[in-house]
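For reference, the structure is listed below as structure tokens.
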């Protein structure tokens, strides 16, 4: 299924080396002013070729909106858009026609469909995330009108990690460096690590942390549409994502309830909490505090050396990757995580209008 | 939304202290022999009051099937079932009417709905998971006919953890002790820790690891219905779940691609992998290897001591929990994790029949 | 799929001669006062055995609510409810085990599922509509708080038809007679026709007309969730329904655009129309006028005489119906049509809150 | 919601006078050979400007496929496609900016969204049906491989109607004339009527009948996903559709059960029926007989004369249509009805694979 969302739904299409990728954003509210400069700036944050730590594939990633916007505002009808693939070098991928890259989706697509577009990974390529970023930019514009912001940053690359919580950093600084880490010193170390790994023809993983501020209490829903569940699902659809947690997450398992409970208090007429171990969500519904979560990304599977594998004939063979690849997906995953978060939160915000008579 | 699944859909209802809880399992395939003894044994694995490390609330949790089964076999029509609440002591909860327990869903339900059944947490109580276990038992019966098994176990409580992977243990041993850990020595330590915590009126978290064997290659779907995304979503709907990862998960971020890629080889005519860092899923689709993942559970919020909080009037107050609670939710979460995994995998198995012409 | 609705969703279960039928109404708004007397009165309008023109099967059809209601008001959590089957005479149906009744669903269920509960038609029995009426009663209560009413009546039985439009009658009179027709004279003729047909052991069809008043302009949605499309879908799920039209419907095809266009005019500050050929829906969205539509019901297939057919072995045989059946389904279909309309309109009303930022 | 279908899902976008219209066909099975000539021929059957009885707006309606097809075959990934709008004369519609055309969706879109693209009806224009025909052509190709065909024809225009059933005609003849009626004499009369009406600047309605052959028994599903319900919903999403019935439909209400039951018999080892009043569907599931149904279309609202109406300011005014319009939508609706039927039936055929273990 290539659709995500309940009320606000994004449906995407497109292969890495086809004519174009694109999407339809449906159920988007009418009356949102479309700031195309903002959309372009978001696209640039994800685009390949932006820095030394990303793939050299150079795509302008220009979005063309085809519908749903009239005289600069959304009309409530579906927003169709396309992004043409311009910098294809498909014959870089001829060797993928006959063999399966280890830990890629080549084999599983073949097992499922019996046919696949081998060029650049086809549908399984992270190229599709450009569509998400475009849709996410529109969702951010709508959220901004509601006073909600979503920001992500790189909190770990390999074993270099930020020890503090998101609240310990000025997140605006994340965009000041090419790895998108708000701690300049750690950022420099991360950059060196990525470049080292790249020099080896190898890849490295990392973690993106994301924070949503301004979400009012009462957004989300029990039981199978929990905000936490929707965020997890959305994040785990991103290429190379291997894990998700929110609030104290995996670290919470070693603490005790008495340490981790977030005490409510009367903050001059507003219900507030002393701490935020919960990550802003209790019982699947927002409590008005900041929502924060982490997404783990594995080292991407494409490495620039020979690897044993099997061919489409099922026989042992050797494959060597060509093409242009990211040594670490995390810096470019930051805007993708934000996009998926924006889409998910906007969706829940609208759905929550249906709760009471 | 109280429904989960696409083709096989579970819809549940019921509050902790209402008349009954129950569900409708729809889209379930016809022709499955319903082994009611097996259903009962699964229910016993989750039921409260089963051991010293669980809540003392004693519920028989007898399932009554109302439809969808004829002469011992499923008919393809919806399977309705109820579980009556028999051991209610609702006035244990009178103090919850007027105040919000810290880190519980009391406040967020109020913020969302403007009204709530305060007795025992109402809808947000983990009591609802009995419904999931019943539905999961039926799904396991269907999966068994396809040669697929699902088994979970406790891999961590507090800071006591199994260092090995699931493959290092005889998982059948997990059911031999009350914490459901396949390493007897660690199990004993976990049990001691839980009893210590219980003595303090406190709670502790932990991790459940789950393994599905026998899932053929090609199950799952790009892009927004990835098997990994569906599993994450399903697990994050469980009470107290704070994190999910699969394969090497969060640990993968420190490795390199050259170490983590799973090399394919020709295993006497079958495509196999030398390692399984991927956790049996690549590009959201199964590759025929074992699928394994982890779910992190926080220490549950109900602790047996006084805590500051706010009342429904928004003013500061003090609350002290009464009632009967689990000091550690993990042992009883094991069958719930299995149930949600069985439901998710059966759903994807059926959907995968629609892929090719 | 045994679920209908997008935001407000009804999922039902149950066979004609199983233990119980029931449903889960999910996504229903919180804060609705549940008038149980009203629910009971609606159930009585549909219950069998209510008059000489309906089946003699006598069911009290008592609804037991199991969840989602607290201290008399809905809480926003799923409303589970059951209706026990009390007046089963299953061995009336032993002859259905081995043969397929003509124009019934016996054969198609067998073809689809390979197994069926033959007793009284099992899942395909109109008995399930009791569940719809219960859910519809709750929806009517919610709609009433919004100023919206839904009323249906019998407008045709066999070739006895009301010539006027709904606006020509006092619809309150429909409940004054056992066929539910607001024209007393026609009602008497319809009753005579049904009793004649019954005497022959035969059955007859008819038409139900339904009117919703008070639906504001702007409810519904393009393109594949049109209010007209949702109503058609909902009505065509009712047993024995064969056709649907709205506004001038099938009759509109012989007119000309210049005759049928509904001219807008400024009605003291409100936009109103001179006529209502459109039936209150234009482009799939309500225009503030009365919504009205018709549903055609065939003569039910169960007739009390011998009919040739085939057995489950595929060989020719003879079947003769026993059991207790309706000679004309239309009088009891009236509340079912209302229920499905109420569910559909409430669903669209809530969804329409998500349209604008 | 701009998506239709459960397993095979079509999502569309685009306004009448925007840059392009298009769609994403998702869940389409892999391995279908895409005959682009066939797609083009289907598009020509719907395109405007094809004959004297259709609008003069002349659009080539060339489809560009952007994804999901590789080396001439579908890959199972979403099929994105666009159709550029080339023959826009948007200033024909300037007068629609400030006033609402009677019986059009201008007013209801404004009431719902608070903003609308007034040019040519924007999203509510029948131009969007080109997208459906393209998707429907692909579905027909898949169905053809399963031995299933779908064919529609004009059975009534104004009061000129075919008296016989579909089985009385050679349906191949329907494409021999510009009104798409298989009876040449009636076709000529219909054509004359449409031209008369056109001369008056007026419009006229009609009925399309559609037949699907080769659908095996067991396709469809109880209760809220009946094949009949899905067909009704799909048809009622088409512009100007006012009614739907299947089998004997509305006409069945005057007959008796004893006349209308379709007697099963053993047809040399196949279960067959003597008659087909049911229209090939019993209990919402196909019985292996031909499926047939009718769709009523009103006279389209755009007439070439002055009409009173209200302006966007709510005040009385006069509007006169300009632009190029169909005097009767029925001839061009024929391929649209087929497309929606093909989409619906293919969807159900795939879903039916999930029924049994």
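For reference, chains read A, B, C and D in written order, and residue numbers begin at 1 within each chain.
Keep this in mind: a residue touches a chain if its C-beta (ideal position, glycine included) is under 8 Å from a C-beta of that chain, and two chains touch if they have at least 3 such contacts.
Since this is a predicted model, take the numbers as computed values, not measurements.
In the CA-based superposition of chain B onto chain C, the rotation angle is 180 degrees, rounded to steps of 5. Contact tally for A-D versus A-C: the pair with more C-beta pairs in contact is A-D.
Centroids built from CA atoms put chain D at 39 Å from chain A. One simple way to say how far apart two chains are is to compare their mean CA positions; for chain A and chain B this gives 26 Å. The centroid of the Cα atoms in chain A and the matching centroid in chain C are 46 Å apart. Counting partners per residue, chain B has 1-3, 12, 27, 30-31, 76-77, 112-114, 123, 222, 355-356 as the residues that reach two or more other chains. The touching residues of chain D, when paired with chain A in their complex, are 1-3, 9, 11-15, 18-24, 26-27, 30-31, 64-68, 70, 73, 75-80, 82, 112-117, 122-123. Of all residues in chain D, those touching chain C in their complex are 1-4, 6, 12, 100, 102-105, 107-109, 111-114, 123-124, 128, 156-159, 197, 200, 202-207, 217-226, 228-237, 241-250, 252-258, 260-266, 269, 271, 273, 277-279, 281-288, 296-303, 305, 307-310, 314-316, 352, 355-356. Across the complex, chain C meets chain A through its residues 7, 27, 29-32, 76-77, 142, 145-146, 222, 350-351, 353-357.
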